[in-house]
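What follows is a set of structures to go through.
Two complexes follow with chain A in common, the first pairing it with chain B and the second with chain C.
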Partner chain A sequence: MKSYIEPEFIVERDDQKCIRCKVCINQCTYDTHYYDPEDDVIRSRDENCVNCHRCVVFCPTKAITIKRNTTRYTENWHWTQEVITAIKKQAESGGVILTGMGCDKPHYTYWDKILLNASQVTNPSIDPLREPMELRTFLGPKPDKLELELENGDVVLKTKLSPQLCVETPILFAAMSYGAVSFNVHLALARAAAQFGTLMNTGEGGLDKRLYKYGDHIIVQVASGRFGVSLDYLNVGAAIEIKIGQGAKPGIGGHLPGEKVTVEISRTRMIPVGTDALSPAPHHDIYSIEDLHQLIYALKEATDYIKPVGVKIAAVHNSAAIASGMVRAGADFIVLDGVRGSTGAAPKVIRDNVGIPIELALASVDQRLREEGIRNKTSIIVSGGIRGSADIVKAIALGADAVYIGTAALVAIGCTLCQKCYTGKCPWGIATTDPWISKRVNPDIAARRLVNLLQAWSLEIKEMMGGMGINSIESLRGNRSQLRGVGLTDTELKILGIKMAGE
Partner chain B sequence: MNFTTLLNNPYNDDKVIDACGLFGMMDLTGRCFGSKDPIKAISNMRERGNGLGGGFAIYGLYPEHKDDYAFHIMYLNTEAKEKVERLLSQNFDVVEAEEMPTNPKANVWNPPLIWRYFLQPKKSAVKGQQDDEYVFYNVMRINTESDGAFVFSSGKNMGVFKGVGFPEDIAEYFCLDEYEGYLWVCHGRFPTNTPGWWGGAHPFSILDWVVVHNGELSSYGANRRFLEMYGYHCTMQTDTEVMVYALDLLVRRHKLPMEVAAKILAPPLWIEIDTMEPSKKEVYTALRQCYGSLLMNGPFTIIAARTGEMIGLTDRIKLRPLTAGIKGDLLFLSSEESAIRAVAPNLDKVWSPRGGELVIGRLKTIRAPEIVAPEVGRSRAI
Partner chain C sequence: MKPSKRLEQDSIRDDVAIINAEGMHYRDLNFLIKSNSNSVRRIDIYNVDGQRYIGTGLKSNIELHLYGTPGNDLAAFMDGPTIYVHGDAQDGVGNTMNNGKVVVYGRAGDIVGYSMRGGKIFIRDDAGYRVGIHMKEYGNQKPILVIGGTVQDFLGEYMAGGILVVLGLTLKDRETCKAKFVGTGMHGGIIYFRGQLSHTGKEVKVTEIEKDDVAVLRPIIEEFCNHFNLDVDTIPLKEFKKLIPHSTRPYGKLYAY
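Let's look at the complex of A and B:
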């Protein structure tokens, strides 16, 4: 069938600059570039280009520019280019349209409608270059009160706290499975987490034995497919996270195509080489909150109650009520993943239309847990499109204990959000299991880039806290007085629990 | 609280910001003394106030009613008074009720009607609850439910007097020269961003607790939302209010020693905690894990008191001043040494406590050097 789909991008090459080194040909995993020996020129197949910028960055003479194809269908606000292209694609393929990374639709990003406070005369700002700023965060349930006793004049703690995770910055690396991303990415995340004093999350694909030595800085995930879940796996992590839902695809299971299941992936996931790894949409042993309670306690029992067990859900309409149930079922931390959450592969229609913004989910969950008097019994981690330190500060002021970053971590490694992760041919060597392409991520360099990002954002968080006259992150947590909304309706302000700017 | 918008807080500011002068004076033997020295000392720091708030708390005030809860209530309208008095007579045995004696000639601004009641919880109503908890519940109820009334003092054998004016004007208005106590806490207010209003003046008080404060808490939102989970409603919309509720929660309800509570409000930095010996580190870590939301961030100095005890505390990086002095059996705490010297020129000892260092005076226990509370977890008597 002749395809009616036109190229999205046009590759332009300055022939004067091009030295025919063929780097672009080697770098492009989509066969966009080719050499024409007759004319001794490099040409491009524009229809293959995904705008990943790999060739742009690696071309030694900076000869390549990629432009959006300006040929458009007749302008129509309702029948947009995207809609028409999607219909044509489906008319040609008969299938679900897949995509990678997070929702790119112009739903509100509430972070951009929230502004922060700053100290002025009566409450001086604190200079983080001269004064200490504390970002250390503990994740896990806290008792409502502490019992202390005096023994021979010493104060002795009688209350035994539940296991806590200690992170030196409120930023953790989100769940990205080995299989969805390459081993080198996992290694870089683990190393960076260990070096900075935070945590990475295995995602649902298990943990390669080579990474067991970083176990103190790893949250191991238990998802519906139970891939890679063994007693060793559970015991090696600092915490366990049960994944119920994911922001990019609430209510949808996972699918790692057989081609991506290499020998190493098969060993880690504990499935045969070349078989599709299908994680079902529901856990087939969880059909109620009591079932979740049983799984939480089964995992706690299996690991001697020495590590926190959390539960991750996608932010949806009734997140607050669900979160309350999760806490009562024993979740030591809860993870809320908003509509901007990313993925290696999801049906585009789900990614773009299911879920709610994380800002609203967080605000209502934190408020609900407080009203029920159970906020201490859990920590809240939010994720789903956290783009920078300002988003993090606003999230913590709204009520989060910490955030997970996924997309941002990948961008630090090189990802350009081309949204083609599901092809397994990520030109940056990130979302792939192809051994040849995977080598593009040098774990040493990637870890350094990740540590730099954590450091940069932590410094910025300290600057913002200092500007608000706060020198310890616990005084920011849930401190909604430090936030004001701009351009929001009364209902939005009410849900966010913040005042309008000027109030 | 709706009435805060009625006439005294027309801009409905969500928190009232203060600079302020603080002064506290306690006779550690429990001997009662009059208002002369406290008024002289606080007036000496006149430039720390601007006439928009002054207040006093006195302990050992009502010996003839020492077992009754003494409620001081401000009324902004007569309906509020009727409503509150109905509630009081339903839930308490009213031992005595009278309008607060005042001097109308004093230079104060727009005083509300102020009454005082000596109360006993109705035994039939208390039902297993502790008296303090019962009184606490009723105070919260009056402050949240009755538009135009609030209880600004509710302890036994102590009382708060406060309003809009310079401290000496407030003292004159409430005829404080007629009272005696063994512990006086005084406050002269400089609300920089708001007009003063009677409810917003210091001290803030719940049950036996009193706090005067200089500073502004940038952690207010976090503190308030944490306290709300324990039934504390911050109706005065003033950041000092969270301080008094935090002390009540930690010391009265959770039964933590005062020294420990101070380490929650102004904890050591993690770099200090990390170098502590293991058992001490465990205690400090647990305190921050559990009570991190009560860390008071931003500049503050407080003088707080309860029966038999006066404390001084600043934030951990000491953004506001505090001076302590001792003369014989008297312990002084003040924003400025000059205020102490004004009433006790020759001090036995005078010092400036470090940031986060608790100064504590207890009836009949101390001698001078021990008055700075030892570190929590170190061998010592509490």
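Let's look at the complex of A and C:
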């Protein structure tokens, strides 16, 4: 069948600058560039280009520019280029359209409609370069009250505290499974987490034995497919996270195609080489809050109650009620992943249409747990499109204890958000299991870039906190008086629990 | 900090310990089992009454004999022990179990062997819904799950490996098993089924058993019969059918790239 799909991008090469070094040919994993010996010229197959910028960055003479194809269908706000292309693609294949990364639609970002406060005259701001600023965060249930006793002149804590996770900054690396990302990415995340004093999350694909030594800085995930879930795995992590859902694809399962299940992936997931790794949509031992309670406690039993067990859900319409159930079921921390949450592969229709913005989910969950008097019984971690320190400060002021970053961490390593992770051919060596392409991520350099990012954002968070006259992240948490909205309706302001700017 | 609570010395004789579980909270019971799982060969537990998680997360070679009815998630994430249940079991027997053996002298509830990756489970009588769901295998770990009686819907759903056997011994006069959606989404492993099935998922096909199957099936049936004192000849191998997936990639063509 002749394909009616037109190239999305056009590769332009300045022939004056091109020295025929063939770097672009070697760097492109989509076979876009080729050498034409007859004319001694490098040419490109535009239809293969995904706009990943790998060749642009690596071309020694900066000869390449990638342009969006300006040949468009007749302008139509309803029948957009994206819609028409999707229909053509499906008419040719009969399949579900896959995509990678998070929802890319313009609506749904509330962070940009929330502004932060700063101290002026009446209460002084704090200079973070001069004063100590506390970002250290403890994740896990806090007691209703503390009982202290005086013993021989010393104050002794009588209350038994629940296991806590301690992170030096309220930024954790989000669940990205080995298989969705390459080993070097996992290694870099683990090293960066260990170096900075935070945590990475294995995602649902198990943990390679070579990373067990970073266990104190790793949250191990248990998902419906139970891939790689063994006693050793559960015991090695600092915490366990039960994955119910993820923001990019709420309500549906995961699916690592057989061709990505290489020898190493097979070892970690504990399934045979080349078989599909299908994660069912639900955990088949969880059909209710009571069942969730049962799995949480099965995991606590299996690991002797020495580490927190959390639960991750996608942010959906009734998140607040579900979250209340999760806390009552014994979740030591809960993770809310918003509509912008990323993925290695998801049906595009689900990614772009299912779930709710994390800002609204967070505000309503925090509010609900406060109203029920159980907010202290859990910690809230939010994720789904956190782009920078301002998003983090706003999230914490809205009620989060910490955030997970996934996409941002990958961008630090090299990702350009081409959204083609599902092909397994990530030219940046990130979303691939191909041993040759994976080598493009140098774990030392990647870890350094990640640590730099954590450091930069942590400094910015301190600056913003200082400006508000706050010297400890504890005092920022749930401190919605530091937030104001612009361009929001009364209902939106009410759900966010913040005032309009000027009020 | 690993838990540790010694058993009372007078409860141990010849390497076999005895626990009276009457009125005991599961946490205390399991704590006691776990703390002693490497110091005695066997523990007999009496008056088991719904305590959950017995054997959960237990890594040892101990033998447990349970008298009564253990609660849900018996032997979850278990790695090595052998558990005999002298009574019925409830839901989630062998959930994500890695290795070991569970023998139930009675019936079991739902999701027996969910996601189990190794070891063996023998249930003498019936079991509930979603039995053997997402069973898998890896390397030389090939889980074996045998149900002596009949089962409910979704048997072997999403099954990715291992061997699941249903003997139908509790069905009268060659009655047809009523389970629906047997093997839905199955993409690995084998289900051996004795008698008639009323409904199977579209991802599986039913075939006759062959020579290779006999070699696999015979020792499993023998082991089952040994445990429950049954005569092997009452379960002739020729009465079995085999369910296998059409493809190891049932959803390979679902997507447009």
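As a convention for this text, the second predicted complex is superposed on the first by the 503 of 503 C-alpha atoms of A that agree within 3 Å, B and C clash if a C-alpha of one lies under 4 Å from a C-alpha of the other, contacts with A are read in each partner's own complex, and residues count from 1 in each chain.
By our rule, a residue touches a chain if its C-beta (ideal position, glycine included) is under 8 Å from a C-beta of that chain, and two chains touch if they have at least 3 such contacts.
The model shown is predicted, which means the values in this text are computed figures rather than measured ones.
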{"item": "Touching partner for A:Leu231 - first (chain B), second (chain C), both, neither", "value": "second"}
{"item": "Which of chain B and chain C A:Arg375 touches, first, second, both or neither", "value": "first"}
{"item": "Chain B versus chain C as contact partner of A:Glu12, first or second or both or neither", "value": "neither"}
{"item": "First, second, both or neither for A:Glu474, with chain B first and chain C second", "value": "first"}
{"item": "Which of chain B and chain C A:Val96 touches, first, second, both or neither", "value": "second"}
{"item": "Touching partner for A:Asp444 - first (chain B), second (chain C), both, neither", "value": "neither"}
{"item": "First (chain B), second (chain C), both or neither touched by A:Asp31", "value": "neither"}
{"item": "Residue ranges of chain A touching chain C (in the complex, touch as defined)", "value": "89-90, 92-98, 224-226, 229-231, 234, 255, 257-258, 266, 270-272, 274-276, 278, 280, 284-285, 294-295, 297-299, 301-304, 306, 347, 422-423"}
{"item": "Parts of chain C lying in touch with chain A, wherever the complex brings them together", "value": "1-3, 26-27, 30, 34, 52-53, 56-57, 59, 72-73, 76-77, 79, 91-92, 95-96, 98, 111, 114-115, 117, 130, 133-134, 136-139, 141, 157-158, 160-161, 185, 187-188, 248-257"}
{"item": "Chain B residues within the chain A interface of the complex", "value": "14-15, 17-19, 192-193, 215-226, 228-229, 253-254, 256-257, 259-260, 269-271, 279, 282-283, 286-293, 295-299, 317, 319, 376-382"}
{"item": "Interfacial residue positions of chain A with respect to chain B in the complex", "value": "119, 121-124, 126, 131-132, 134, 136, 138, 142-143, 145-146, 148, 150, 152-157, 159, 161, 164, 370, 373, 375-376, 397, 468-472, 474-482, 499, 503"}
